[in-house]
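Structure provided below as C-alpha coordinates; questions to follow.
Chain IDs A, B, C and D follow the sequence of writing; residue 1 opens each chain.
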Amino acid sequence: MAELVRFSVSMDVQLLERFDKLIEVKGYSNRSEAVRDLIRNALVEEQWSHEDEEAVGAVSLLYDHHTRELSDKLIEHQHSHHQEIVSALHVHLDAHHCLEVVVIKGKAGKIKQLAEEMIGTKGVKHGRLMATTTGRDIV
Amino acid sequence: MAELVRFSVSMDVQLLERFDKLIEVKGYSNRSEAVRDLIRNALVEEQWSHEDEEAVGAVSLLYDHHTRELSDKLIEHQHSHHQEIVSALHVHLDAHHCLEVVVIKGKAGKIKQLAEEMIGTKGVKHGRLMATTTGRDIV
Amino acid sequence: MAELVRFSVSMDVQLLERFDKLIEVKGYSNRSEAVRDLIRNALVEEQWSHEDEEAVGAVSLLYDHHTRELSDKLIEHQHSHHQEIVSALHVHLDAHHCLEVVVIKGKAGKIKQLAEEMIGTKGVKHGRLMATTTGRDIV
Amino acid sequence: MAELVRFSVSMDVQLLERFDKLIEVKGYSNRSEAVRDLIRNALVEEQWSHEDEEAVGAVSLLYDHHTRELSDKLIEHQHSHHQEIVSALHVHLDAHHCLEVVVIKGKAGKIKQLAEEMIGTKGVKHGRLMATTTGRDIV
(Lines give C-alpha, C1' and ligand atoms only; values in the text may rest on other atoms or scores of the structure.)
Protein backbone atom coordinates (compact mmCIF):
# COMPACT_ATOMS: atom_id res chain seq x y z
CA MET A 1 0.00 0.00 0.00
CA ALA A 2 1.16 3.50 -0.78
CA GLU A 3 1.76 5.78 2.20
CA LEU A 4 -0.40 8.89 2.28
CA VAL A 5 0.79 12.24 3.56
CA ARG A 6 -0.97 15.55 3.98
CA PHE A 7 0.27 19.06 3.54
CA SER A 8 -1.61 22.30 3.68
CA VAL A 9 -1.82 24.97 1.02
CA SER A 10 -2.56 28.60 1.78
CA MET A 11 -4.46 30.64 -0.71
CA ASP A 12 -6.47 33.77 -1.13
CA VAL A 13 -10.14 33.09 -0.48
CA GLN A 14 -11.19 34.29 -3.95
CA LEU A 15 -8.67 32.10 -5.72
CA LEU A 16 -9.98 29.12 -3.78
CA GLU A 17 -13.57 29.96 -4.73
CA ARG A 18 -12.62 30.04 -8.40
CA PHE A 19 -10.77 26.77 -8.04
CA ASP A 20 -13.78 25.14 -6.40
CA LYS A 21 -15.97 26.20 -9.31
CA LEU A 22 -13.46 24.81 -11.79
CA ILE A 23 -13.21 21.42 -10.12
CA GLU A 24 -16.99 21.23 -10.03
CA VAL A 25 -17.16 21.86 -13.77
CA LYS A 26 -14.44 19.29 -14.37
CA GLY A 27 -16.23 16.76 -12.19
CA TYR A 28 -13.60 16.19 -9.50
CA SER A 29 -14.80 14.71 -6.22
CA ASN A 30 -12.49 16.78 -4.02
CA ARG A 31 -9.66 19.32 -3.97
CA SER A 32 -6.86 16.86 -3.24
CA GLU A 33 -7.73 14.84 -6.33
CA ALA A 34 -7.70 17.99 -8.48
CA VAL A 35 -4.41 19.27 -7.03
CA ARG A 36 -2.78 15.85 -7.51
CA ASP A 37 -3.81 15.91 -11.18
CA LEU A 38 -2.31 19.37 -11.69
CA ILE A 39 0.91 18.15 -10.09
CA ARG A 40 1.02 14.99 -12.20
CA ASN A 41 0.51 17.02 -15.37
CA ALA A 42 3.43 19.25 -14.42
CA LEU A 43 5.60 16.18 -13.73
CA VAL A 44 4.74 14.50 -17.03
CA GLU A 45 5.49 17.73 -18.89
CA GLU A 46 8.89 17.92 -17.20
CA GLN A 47 9.58 14.23 -18.01
CA TRP A 48 8.91 14.79 -21.69
CA SER A 49 11.34 17.69 -21.84
CA HIS A 50 14.20 15.22 -21.28
CA GLU A 51 14.81 12.90 -24.24
CA ASP A 52 16.17 10.04 -22.14
CA GLU A 53 13.32 9.71 -19.66
CA GLU A 54 11.16 6.60 -19.84
CA ALA A 55 7.71 7.61 -20.98
CA VAL A 56 4.57 6.40 -22.72
CA GLY A 57 2.92 8.03 -25.70
CA ALA A 58 -0.22 7.47 -27.71
CA VAL A 59 -0.19 8.45 -31.37
CA SER A 60 -3.40 9.05 -33.27
CA LEU A 61 -3.32 8.38 -37.00
CA LEU A 62 -6.28 9.31 -39.17
CA TYR A 63 -6.38 7.87 -42.68
CA ASP A 64 -8.52 6.56 -45.49
CA HIS A 65 -8.12 2.80 -45.43
CA HIS A 66 -8.51 2.75 -49.20
CA THR A 67 -5.13 4.45 -49.52
CA ARG A 68 -3.00 1.92 -51.32
CA GLU A 69 -0.73 -0.14 -49.09
CA LEU A 70 -0.96 2.34 -46.23
CA SER A 71 -2.22 -0.14 -43.61
CA ASP A 72 0.53 -2.54 -44.68
CA LYS A 73 3.17 0.15 -44.32
CA LEU A 74 1.94 1.20 -40.88
CA ILE A 75 1.78 -2.40 -39.62
CA GLU A 76 5.23 -3.10 -41.03
CA HIS A 77 6.60 0.00 -39.29
CA GLN A 78 5.01 -0.96 -36.00
CA HIS A 79 6.37 -4.50 -36.12
CA SER A 80 9.89 -3.40 -36.87
CA HIS A 81 9.75 -1.41 -33.61
CA HIS A 82 7.89 -4.02 -31.58
CA GLN A 83 10.03 -3.37 -28.52
CA GLU A 84 8.56 0.11 -28.17
CA ILE A 85 5.24 -0.21 -29.92
CA VAL A 86 2.95 -1.94 -27.47
CA SER A 87 -0.41 -2.21 -29.20
CA ALA A 88 -2.91 -0.38 -31.34
CA LEU A 89 -6.60 0.36 -31.48
CA HIS A 90 -8.35 0.64 -34.82
CA VAL A 91 -11.63 2.56 -35.05
CA HIS A 92 -13.82 2.65 -38.18
CA LEU A 93 -15.09 6.23 -38.29
CA ASP A 94 -17.07 5.94 -41.53
CA ALA A 95 -16.94 4.08 -44.84
CA HIS A 96 -13.57 5.63 -45.60
CA HIS A 97 -11.83 6.94 -42.52
CA CYS A 98 -10.23 5.05 -39.74
CA LEU A 99 -8.51 6.26 -36.64
CA GLU A 100 -5.64 4.22 -35.31
CA VAL A 101 -4.27 4.88 -31.85
CA VAL A 102 -0.83 3.37 -31.29
CA VAL A 103 0.64 3.10 -27.81
CA ILE A 104 4.43 3.48 -27.59
CA LYS A 105 6.62 2.88 -24.52
CA GLY A 106 10.26 3.89 -24.36
CA LYS A 107 12.52 6.90 -24.07
CA ALA A 108 10.73 10.19 -24.76
CA GLY A 109 13.07 11.00 -27.66
CA LYS A 110 12.52 7.63 -29.32
CA ILE A 111 8.75 7.87 -28.91
CA LYS A 112 8.76 11.28 -30.61
CA GLN A 113 10.81 9.89 -33.50
CA LEU A 114 8.58 6.85 -34.07
CA ALA A 115 5.48 9.02 -33.82
CA GLU A 116 6.84 11.48 -36.39
CA GLU A 117 7.66 8.66 -38.79
CA MET A 118 4.13 7.29 -38.59
CA ILE A 119 2.48 10.73 -38.81
CA GLY A 120 4.73 11.56 -41.79
CA THR A 121 3.75 8.44 -43.74
CA LYS A 122 2.12 9.34 -47.07
CA GLY A 123 -1.63 8.95 -46.73
CA VAL A 124 -1.91 9.72 -43.02
CA LYS A 125 -4.20 12.76 -42.98
CA HIS A 126 -3.85 13.83 -39.39
CA GLY A 127 -1.67 12.65 -36.59
CA ARG A 128 -0.90 13.74 -33.07
CA LEU A 129 1.28 12.51 -30.25
CA MET A 130 -0.21 12.52 -26.74
CA ALA A 131 2.42 12.47 -24.01
CA THR A 132 1.72 10.39 -20.94
CA THR A 133 3.75 8.33 -18.50
CA THR A 134 4.60 4.85 -17.26
CA GLY A 135 2.99 5.87 -14.00
CA ARG A 136 5.85 4.48 -11.97
CA ASP A 137 7.12 7.77 -10.59
CA ILE A 138 3.82 9.53 -10.20
CA VAL A 139 2.05 7.08 -7.93
CA MET B 1 -11.63 9.36 -56.53
CA ALA B 2 -10.63 12.69 -55.07
CA GLU B 3 -9.65 15.38 -57.53
CA LEU B 4 -6.10 16.64 -57.16
CA VAL B 5 -5.09 20.24 -57.74
CA ARG B 6 -1.73 21.96 -57.67
CA PHE B 7 -0.77 25.39 -56.52
CA SER B 8 2.63 26.93 -56.20
CA VAL B 9 4.20 28.48 -53.13
CA SER B 10 6.91 31.11 -53.28
CA MET B 11 9.49 31.21 -50.58
CA ASP B 12 12.91 32.48 -49.72
CA VAL B 13 15.54 29.93 -50.71
CA GLN B 14 16.91 29.69 -47.14
CA LEU B 15 13.49 29.05 -45.63
CA LEU B 16 12.97 26.26 -48.16
CA GLU B 17 16.35 24.70 -47.29
CA ARG B 18 15.42 24.68 -43.61
CA PHE B 19 12.04 23.17 -44.43
CA ASP B 20 13.67 20.43 -46.51
CA LYS B 21 15.90 19.51 -43.56
CA LEU B 22 12.92 19.39 -41.24
CA ILE B 23 10.86 17.13 -43.48
CA GLU B 24 13.85 14.81 -43.83
CA VAL B 25 14.15 14.56 -40.04
CA LYS B 26 10.41 13.95 -39.76
CA GLY B 27 10.56 11.28 -42.48
CA TYR B 28 8.21 12.81 -45.06
CA SER B 29 8.53 11.53 -48.61
CA ASN B 30 7.94 14.92 -50.26
CA ARG B 31 7.09 18.57 -49.68
CA SER B 32 3.43 18.33 -50.69
CA GLU B 33 2.83 15.67 -48.07
CA ALA B 34 4.47 17.82 -45.39
CA VAL B 35 2.59 20.99 -46.40
CA ARG B 36 -0.71 19.10 -46.43
CA ASP B 37 -0.04 17.91 -42.88
CA LEU B 38 0.68 21.44 -41.67
CA ILE B 39 -2.56 22.60 -43.28
CA ARG B 40 -4.58 19.75 -41.77
CA ASN B 41 -3.18 20.51 -38.31
CA ALA B 42 -4.24 24.14 -38.68
CA LEU B 43 -7.73 23.06 -39.78
CA VAL B 44 -8.18 20.63 -36.89
CA GLU B 45 -7.05 23.31 -34.44
CA GLU B 46 -9.62 25.71 -35.88
CA GLN B 47 -12.33 23.01 -35.70
CA TRP B 48 -11.69 22.41 -32.02
CA SER B 49 -12.02 26.11 -31.22
CA HIS B 50 -15.74 25.86 -32.05
CA GLU B 51 -17.72 23.85 -29.51
CA ASP B 52 -20.37 22.72 -32.02
CA GLU B 53 -18.09 21.26 -34.68
CA GLU B 54 -18.12 17.50 -35.18
CA ALA B 55 -14.79 16.12 -34.07
CA VAL B 56 -13.02 13.04 -32.77
CA GLY B 57 -10.90 12.85 -29.64
CA ALA B 58 -8.78 10.23 -27.95
CA VAL B 59 -8.46 10.37 -24.18
CA SER B 60 -5.61 8.65 -22.39
CA LEU B 61 -6.27 7.49 -18.83
CA LEU B 62 -3.45 6.14 -16.71
CA TYR B 63 -4.40 4.31 -13.54
CA ASP B 64 -3.56 1.52 -11.15
CA HIS B 65 -6.05 -1.25 -11.88
CA HIS B 66 -5.98 -2.19 -8.19
CA THR B 67 -7.78 1.05 -7.38
CA ARG B 68 -11.07 -0.08 -5.95
CA GLU B 69 -13.98 -0.03 -8.39
CA LEU B 70 -12.21 2.35 -10.75
CA SER B 71 -12.46 0.13 -13.85
CA ASP B 72 -16.14 -0.40 -13.08
CA LYS B 73 -16.74 3.31 -12.77
CA LEU B 74 -14.93 4.09 -16.04
CA ILE B 75 -16.78 1.35 -17.94
CA GLU B 76 -20.07 2.52 -16.47
CA HIS B 77 -19.33 6.09 -17.55
CA GLN B 78 -18.38 5.01 -21.04
CA HIS B 79 -21.53 2.95 -21.48
CA SER B 80 -23.83 5.71 -20.35
CA HIS B 81 -22.37 7.80 -23.19
CA HIS B 82 -22.22 5.03 -25.76
CA GLN B 83 -23.43 7.32 -28.52
CA GLU B 84 -20.22 9.33 -28.31
CA ILE B 85 -17.76 6.85 -26.85
CA VAL B 86 -16.76 4.59 -29.70
CA SER B 87 -14.27 2.14 -28.26
CA ALA B 88 -11.31 1.77 -25.96
CA LEU B 89 -7.86 0.20 -25.90
CA HIS B 90 -6.48 -1.18 -22.68
CA VAL B 91 -2.71 -1.58 -22.29
CA HIS B 92 -1.05 -3.33 -19.33
CA LEU B 93 2.02 -1.22 -18.65
CA ASP B 94 3.29 -3.15 -15.63
CA ALA B 95 1.92 -5.17 -12.71
CA HIS B 96 0.00 -2.13 -11.48
CA HIS B 97 -0.47 0.46 -14.16
CA CYS B 98 -2.69 0.36 -17.16
CA LEU B 99 -3.24 2.89 -19.88
CA GLU B 100 -6.66 3.15 -21.38
CA VAL B 101 -7.20 5.08 -24.58
CA VAL B 102 -10.83 5.95 -25.20
CA VAL B 103 -12.00 7.21 -28.59
CA ILE B 104 -14.86 9.74 -28.52
CA LYS B 105 -16.82 11.07 -31.51
CA GLY B 106 -19.21 14.01 -31.29
CA LYS B 107 -19.31 17.77 -30.89
CA ALA B 108 -15.98 19.23 -29.73
CA GLY B 109 -17.60 20.71 -26.60
CA LYS B 110 -19.18 17.40 -25.60
CA ILE B 111 -15.92 15.49 -26.18
CA LYS B 112 -14.10 17.92 -23.90
CA GLN B 113 -16.73 17.47 -21.19
CA LEU B 114 -16.69 13.66 -21.31
CA ALA B 115 -12.89 13.65 -21.34
CA GLU B 116 -12.74 15.91 -18.31
CA GLU B 117 -15.18 13.71 -16.41
CA MET B 118 -13.07 10.62 -17.03
CA ILE B 119 -9.76 12.38 -16.31
CA GLY B 120 -11.28 13.79 -13.12
CA THR B 121 -12.40 10.39 -11.83
CA LYS B 122 -10.77 9.58 -8.49
CA GLY B 123 -7.89 7.16 -9.08
CA VAL B 124 -7.01 8.29 -12.61
CA LYS B 125 -3.39 9.40 -12.23
CA HIS B 126 -2.86 11.11 -15.54
CA GLY B 127 -5.14 11.92 -18.39
CA ARG B 128 -4.95 13.86 -21.60
CA LEU B 129 -7.26 14.66 -24.47
CA MET B 130 -5.84 14.44 -27.99
CA ALA B 131 -7.85 16.40 -30.52
CA THR B 132 -8.30 14.91 -33.95
CA THR B 133 -11.00 14.86 -36.60
CA THR B 134 -13.62 12.80 -38.41
CA GLY B 135 -11.56 13.25 -41.52
CA ARG B 136 -14.56 14.16 -43.61
CA ASP B 137 -13.62 17.76 -44.29
CA ILE B 138 -9.90 17.36 -44.53
CA VAL B 139 -9.70 14.75 -47.31
CA MET C 1 -6.07 43.05 2.08
CA ALA C 2 -6.91 39.67 0.65
CA GLU C 3 -8.10 37.07 3.11
CA LEU C 4 -5.96 33.95 3.26
CA VAL C 5 -7.37 30.48 3.80
CA ARG C 6 -5.69 27.11 4.19
CA PHE C 7 -6.76 23.70 3.03
CA SER C 8 -4.90 20.46 3.19
CA VAL C 9 -4.06 18.14 0.32
CA SER C 10 -3.47 14.42 0.78
CA MET C 11 -1.02 12.71 -1.47
CA ASP C 12 1.08 9.60 -1.82
CA VAL C 13 4.49 10.17 -0.28
CA GLN C 14 6.30 9.39 -3.56
CA LEU C 15 4.22 11.84 -5.57
CA LEU C 16 5.03 14.52 -3.01
CA GLU C 17 8.75 13.75 -3.23
CA ARG C 18 8.64 14.14 -7.00
CA PHE C 19 6.71 17.37 -6.67
CA ASP C 20 9.26 18.74 -4.20
CA LYS C 21 12.05 18.01 -6.67
CA LEU C 22 10.13 19.75 -9.45
CA ILE C 23 9.46 22.91 -7.46
CA GLU C 24 13.13 23.04 -6.50
CA VAL C 25 14.15 22.87 -10.17
CA LYS C 26 11.59 25.54 -11.03
CA GLY C 27 12.80 27.74 -8.19
CA TYR C 28 9.63 28.02 -6.11
CA SER C 29 10.07 29.05 -2.50
CA ASN C 30 7.34 26.74 -1.14
CA ARG C 31 4.61 24.27 -2.04
CA SER C 32 1.69 26.66 -1.64
CA GLU C 33 3.19 29.03 -4.19
CA ALA C 34 3.67 26.19 -6.67
CA VAL C 35 0.17 24.78 -6.15
CA ARG C 36 -1.35 28.25 -6.55
CA ASP C 37 0.46 28.64 -9.87
CA LEU C 38 -0.85 25.30 -11.15
CA ILE C 39 -4.34 26.36 -10.16
CA ARG C 40 -4.03 29.76 -11.81
CA ASN C 41 -2.80 28.15 -15.03
CA ALA C 42 -5.81 25.85 -15.05
CA LEU C 43 -8.13 28.84 -14.48
CA VAL C 44 -6.59 30.91 -17.27
CA GLU C 45 -6.85 27.94 -19.65
CA GLU C 46 -10.54 27.60 -18.78
CA GLN C 47 -11.09 31.35 -19.25
CA TRP C 48 -9.62 31.26 -22.73
CA SER C 49 -11.91 28.44 -23.79
CA HIS C 50 -14.85 30.86 -23.57
CA GLU C 51 -14.84 33.51 -26.29
CA ASP C 52 -16.68 36.11 -24.20
CA GLU C 53 -14.47 36.10 -21.11
CA GLU C 54 -12.37 39.18 -20.42
CA ALA C 55 -8.73 38.28 -20.88
CA VAL C 56 -5.30 39.65 -21.69
CA GLY C 57 -2.99 38.41 -24.43
CA ALA C 58 0.50 39.18 -25.61
CA VAL C 59 1.29 38.70 -29.28
CA SER C 60 4.86 38.30 -30.48
CA LEU C 61 5.59 39.46 -34.02
CA LEU C 62 8.96 38.78 -35.58
CA TYR C 63 9.80 40.65 -38.77
CA ASP C 64 12.48 42.28 -40.83
CA HIS C 65 12.03 46.02 -40.39
CA HIS C 66 13.23 46.53 -43.97
CA THR C 67 10.05 44.92 -45.24
CA ARG C 68 8.31 47.68 -47.12
CA GLU C 69 5.58 49.48 -45.19
CA LEU C 70 5.22 46.65 -42.70
CA SER C 71 5.83 48.76 -39.57
CA ASP C 72 3.34 51.30 -40.90
CA LYS C 73 0.73 48.63 -41.49
CA LEU C 74 1.19 47.14 -38.03
CA ILE C 75 1.01 50.53 -36.29
CA GLU C 76 -2.04 51.44 -38.36
CA HIS C 77 -3.73 48.18 -37.36
CA GLN C 78 -2.92 48.70 -33.70
CA HIS C 79 -4.27 52.22 -33.68
CA SER C 80 -7.54 51.27 -35.33
CA HIS C 81 -8.06 48.89 -32.40
CA HIS C 82 -6.75 51.18 -29.70
CA GLN C 83 -9.51 50.17 -27.29
CA GLU C 84 -8.09 46.66 -27.07
CA ILE C 85 -4.46 47.15 -27.99
CA VAL C 86 -2.80 48.54 -24.88
CA SER C 87 0.83 48.97 -25.76
CA ALA C 88 3.77 47.42 -27.53
CA LEU C 89 7.44 46.65 -26.94
CA HIS C 90 9.86 46.78 -29.82
CA VAL C 91 13.17 44.89 -29.56
CA HIS C 92 15.98 45.17 -32.11
CA LEU C 93 17.30 41.62 -32.39
CA ASP C 94 19.93 42.29 -35.05
CA ALA C 95 20.51 44.58 -38.05
CA HIS C 96 17.41 43.16 -39.73
CA HIS C 97 15.07 41.50 -37.31
CA CYS C 98 12.87 43.03 -34.73
CA LEU C 99 10.53 41.45 -32.26
CA GLU C 100 7.40 43.33 -31.35
CA VAL C 101 5.32 42.26 -28.39
CA VAL C 102 1.82 43.71 -28.41
CA VAL C 103 -0.39 43.55 -25.32
CA ILE C 104 -4.13 43.19 -26.00
CA LYS C 105 -6.95 43.43 -23.47
CA GLY C 106 -10.53 42.42 -24.25
CA LYS C 107 -12.74 39.43 -24.85
CA ALA C 108 -10.79 36.22 -25.52
CA GLY C 109 -12.43 35.82 -28.95
CA LYS C 110 -11.57 39.37 -30.02
CA ILE C 111 -7.97 39.03 -28.80
CA LYS C 112 -7.55 35.87 -30.89
CA GLN C 113 -8.93 37.64 -33.96
CA LEU C 114 -6.69 40.71 -33.63
CA ALA C 115 -3.67 38.48 -32.98
CA GLU C 116 -4.38 36.41 -36.08
CA GLU C 117 -4.72 39.53 -38.22
CA MET C 118 -1.34 40.82 -37.07
CA ILE C 119 0.37 37.42 -37.36
CA GLY C 120 -1.14 37.00 -40.83
CA THR C 121 0.18 40.33 -42.11
CA LYS C 122 2.51 39.83 -45.07
CA GLY C 123 6.10 40.13 -43.88
CA VAL C 124 5.56 38.90 -40.32
CA LYS C 125 7.85 35.87 -40.16
CA HIS C 126 6.72 34.35 -36.91
CA GLY C 127 3.97 35.18 -34.52
CA ARG C 128 2.46 33.67 -31.45
CA LEU C 129 -0.31 34.54 -29.03
CA MET C 130 0.37 34.05 -25.32
CA ALA C 131 -2.80 33.78 -23.26
CA THR C 132 -2.83 35.45 -19.86
CA THR C 133 -5.39 37.20 -17.69
CA THR C 134 -6.57 40.49 -16.24
CA GLY C 135 -5.71 39.05 -12.86
CA ARG C 136 -8.97 40.23 -11.36
CA ASP C 137 -10.47 36.79 -10.72
CA ILE C 138 -7.33 34.96 -9.81
CA VAL C 139 -6.15 37.10 -6.94
CA MET D 1 18.07 40.76 -51.22
CA ALA D 2 16.76 37.31 -50.45
CA GLU D 3 16.38 34.94 -53.39
CA LEU D 4 12.84 33.71 -53.97
CA VAL D 5 12.03 30.22 -55.21
CA ARG D 6 8.77 28.56 -56.09
CA PHE D 7 7.63 25.00 -55.61
CA SER D 8 4.25 23.48 -56.24
CA VAL D 9 2.09 21.60 -53.78
CA SER D 10 -0.50 19.04 -54.86
CA MET D 11 -3.61 18.67 -52.82
CA ASP D 12 -7.11 17.35 -52.90
CA VAL D 13 -9.49 20.03 -54.12
CA GLN D 14 -11.60 19.85 -50.94
CA LEU D 15 -8.61 20.26 -48.65
CA LEU D 16 -7.58 23.32 -50.62
CA GLU D 17 -11.08 24.81 -50.34
CA ARG D 18 -11.00 24.37 -46.58
CA PHE D 19 -7.54 25.91 -46.44
CA ASP D 20 -8.70 28.91 -48.47
CA LYS D 21 -11.54 29.47 -46.00
CA LEU D 22 -9.13 29.27 -43.08
CA ILE D 23 -6.68 31.78 -44.52
CA GLU D 24 -9.54 34.15 -45.24
CA VAL D 25 -10.67 33.94 -41.60
CA LYS D 26 -7.10 34.46 -40.42
CA GLY D 27 -6.69 37.44 -42.74
CA TYR D 28 -3.82 36.21 -44.93
CA SER D 29 -3.38 37.93 -48.27
CA ASN D 30 -2.39 34.77 -50.18
CA ARG D 31 -1.63 31.06 -49.87
CA SER D 32 2.15 31.36 -50.01
CA GLU D 33 2.14 33.67 -47.00
CA ALA D 34 -0.02 31.22 -45.05
CA VAL D 35 2.08 28.18 -45.99
CA ARG D 36 5.27 30.02 -45.07
CA ASP D 37 3.82 30.78 -41.64
CA LEU D 38 2.93 27.13 -41.04
CA ILE D 39 6.46 26.14 -42.04
CA ARG D 40 8.05 28.75 -39.78
CA ASN D 41 5.94 27.59 -36.85
CA ALA D 42 7.10 24.01 -37.42
CA LEU D 43 10.73 25.18 -37.58
CA VAL D 44 10.51 27.23 -34.39
CA GLU D 45 8.90 24.27 -32.60
CA GLU D 46 11.76 22.04 -33.73
CA GLN D 47 14.33 24.65 -32.63
CA TRP D 48 12.88 24.79 -29.15
CA SER D 49 13.10 21.02 -28.73
CA HIS D 50 16.91 21.35 -28.69
CA GLU D 51 18.25 23.00 -25.55
CA ASP D 52 21.37 24.42 -27.24
CA GLU D 53 19.71 26.23 -30.14
CA GLU D 54 19.78 30.02 -30.14
CA ALA D 55 16.26 31.28 -29.63
CA VAL D 56 14.18 34.19 -28.37
CA GLY D 57 11.42 34.00 -25.79
CA ALA D 58 8.94 36.39 -24.28
CA VAL D 59 7.80 35.78 -20.72
CA SER D 60 4.59 37.27 -19.42
CA LEU D 61 4.43 37.97 -15.68
CA LEU D 62 1.18 39.05 -14.09
CA TYR D 63 1.37 40.46 -10.59
CA ASP D 64 -0.03 42.90 -8.10
CA HIS D 65 2.49 45.73 -7.89
CA HIS D 66 1.60 46.18 -4.22
CA THR D 67 3.22 42.85 -3.45
CA ARG D 68 6.10 43.73 -1.18
CA GLU D 69 9.48 43.97 -2.90
CA LEU D 70 8.31 41.94 -5.89
CA SER D 71 9.19 44.55 -8.55
CA ASP D 72 12.59 44.94 -6.92
CA LYS D 73 13.20 41.21 -6.97
CA LEU D 74 12.15 40.89 -10.61
CA ILE D 75 14.33 43.82 -11.70
CA GLU D 76 17.24 42.46 -9.70
CA HIS D 77 16.85 39.05 -11.35
CA GLN D 78 16.66 40.59 -14.80
CA HIS D 79 19.78 42.67 -14.27
CA SER D 80 21.82 39.75 -13.01
CA HIS D 81 21.10 38.06 -16.35
CA HIS D 82 21.46 41.15 -18.50
CA GLN D 83 23.28 39.20 -21.21
CA GLU D 84 20.16 37.23 -21.98
CA ILE D 85 17.41 39.54 -20.79
CA VAL D 86 17.00 42.15 -23.49
CA SER D 87 14.22 44.40 -22.32
CA ALA D 88 10.81 44.50 -20.71
CA LEU D 89 7.41 46.07 -21.23
CA HIS D 90 5.33 47.04 -18.24
CA VAL D 91 1.56 47.42 -18.64
CA HIS D 92 -0.75 48.82 -15.94
CA LEU D 93 -3.87 46.66 -16.23
CA ASP D 94 -5.79 48.19 -13.35
CA ALA D 95 -5.16 49.80 -9.98
CA HIS D 96 -3.50 46.61 -8.75
CA HIS D 97 -2.39 44.39 -11.55
CA CYS D 98 0.44 44.83 -13.94
CA LEU D 99 1.61 42.68 -16.77
CA GLU D 100 5.30 42.59 -17.50
CA VAL D 101 6.57 41.08 -20.72
CA VAL D 102 10.27 40.26 -20.63
CA VAL D 103 12.17 39.44 -23.81
CA ILE D 104 15.00 36.89 -23.43
CA LYS D 105 17.58 35.95 -26.06
CA GLY D 106 19.91 32.97 -25.68
CA LYS D 107 19.98 29.19 -25.76
CA ALA D 108 16.52 27.63 -25.57
CA GLY D 109 17.44 25.75 -22.37
CA LYS D 110 18.69 28.87 -20.62
CA ILE D 111 15.62 30.88 -21.67
CA LYS D 112 13.37 28.20 -20.16
CA GLN D 113 15.33 28.28 -16.90
CA LEU D 114 15.25 32.07 -16.54
CA ALA D 115 11.55 32.11 -17.42
CA GLU D 116 10.77 29.47 -14.80
CA GLU D 117 12.70 31.39 -12.14
CA MET D 118 10.72 34.55 -12.83
CA ILE D 119 7.37 32.75 -13.09
CA GLY D 120 8.16 30.92 -9.84
CA THR D 121 8.88 34.11 -7.91
CA LYS D 122 6.53 34.50 -4.95
CA GLY D 123 3.82 37.00 -5.88
CA VAL D 124 3.77 36.35 -9.60
CA LYS D 125 0.18 35.24 -10.19
CA HIS D 126 0.43 33.98 -13.73
CA GLY D 127 3.31 33.51 -16.07
CA ARG D 128 3.86 32.01 -19.47
CA LEU D 129 6.77 31.57 -21.82
CA MET D 130 6.15 32.25 -25.51
CA ALA D 131 8.71 30.61 -27.77
CA THR D 132 9.89 32.53 -30.80
CA THR D 133 13.11 32.87 -32.76
CA THR D 134 16.02 35.13 -33.66
CA GLY D 135 14.66 35.08 -37.20
CA ARG D 136 18.08 34.44 -38.65
CA ASP D 137 17.41 30.95 -40.00
CA ILE D 138 13.83 31.43 -41.02
CA VAL D 139 14.20 34.32 -43.41
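Just so it is clear, contacts are C-beta pairs under 8 Å (C-beta built on N, C-alpha and C of every residue); 3 or more make two chains touch, one makes a residue touch a chain.
All of these numbers come straight from a predicted model, not from anything done at the bench.
Student: Does B-D or A-B have the larger number of C-beta pairs in contact?
Tutor: The greater number of contacts lies at A-B.
Student: Using mean C-alpha positions as chain centres, tell me how far chain B is from chain D in Å, no decimals.
Tutor: Taking the mean C-alpha position of each chain, the two centres sit 25 Å apart.
Student: Let me have the rounded angstrom distance from the C-alpha centre of chain A over to the C-alpha centre of chain B, please.
Tutor: Distance between chain centres, rounded to whole Å: 9 Å.
Student: Could you list which residues of chain B touch at least two other chains?
Tutor: Residues 25, 36, 40-41, 138-139 of chain B each touch two or more of the other chains.
Student: Counting only chain pairs that touch, give me the topology of the graph as line, ring, star, complete or other.
Tutor: Drawn as a graph, the chains make one closed cycle, so a ring.
Student: Can you list the residues on chain D that touch chain C in the complex?
Tutor: Touching chain C from chain D are residues 23, 25-30, 33-34, 37, 40-41, 44, 56, 58, 60, 62-64, 86-89, 91, 93-94, 96-97, 99, 101, 103, 105, 116-117, 119-122, 124-128, 130-136, 138-139.
Student: Which of the residues in chain A end up touching chain C in this complex?
Tutor: Of all residues in chain A, those touching chain C are 2-16, 18-19, 22, 25, 31-32, 35-36, 38-43, 46, 137-139.
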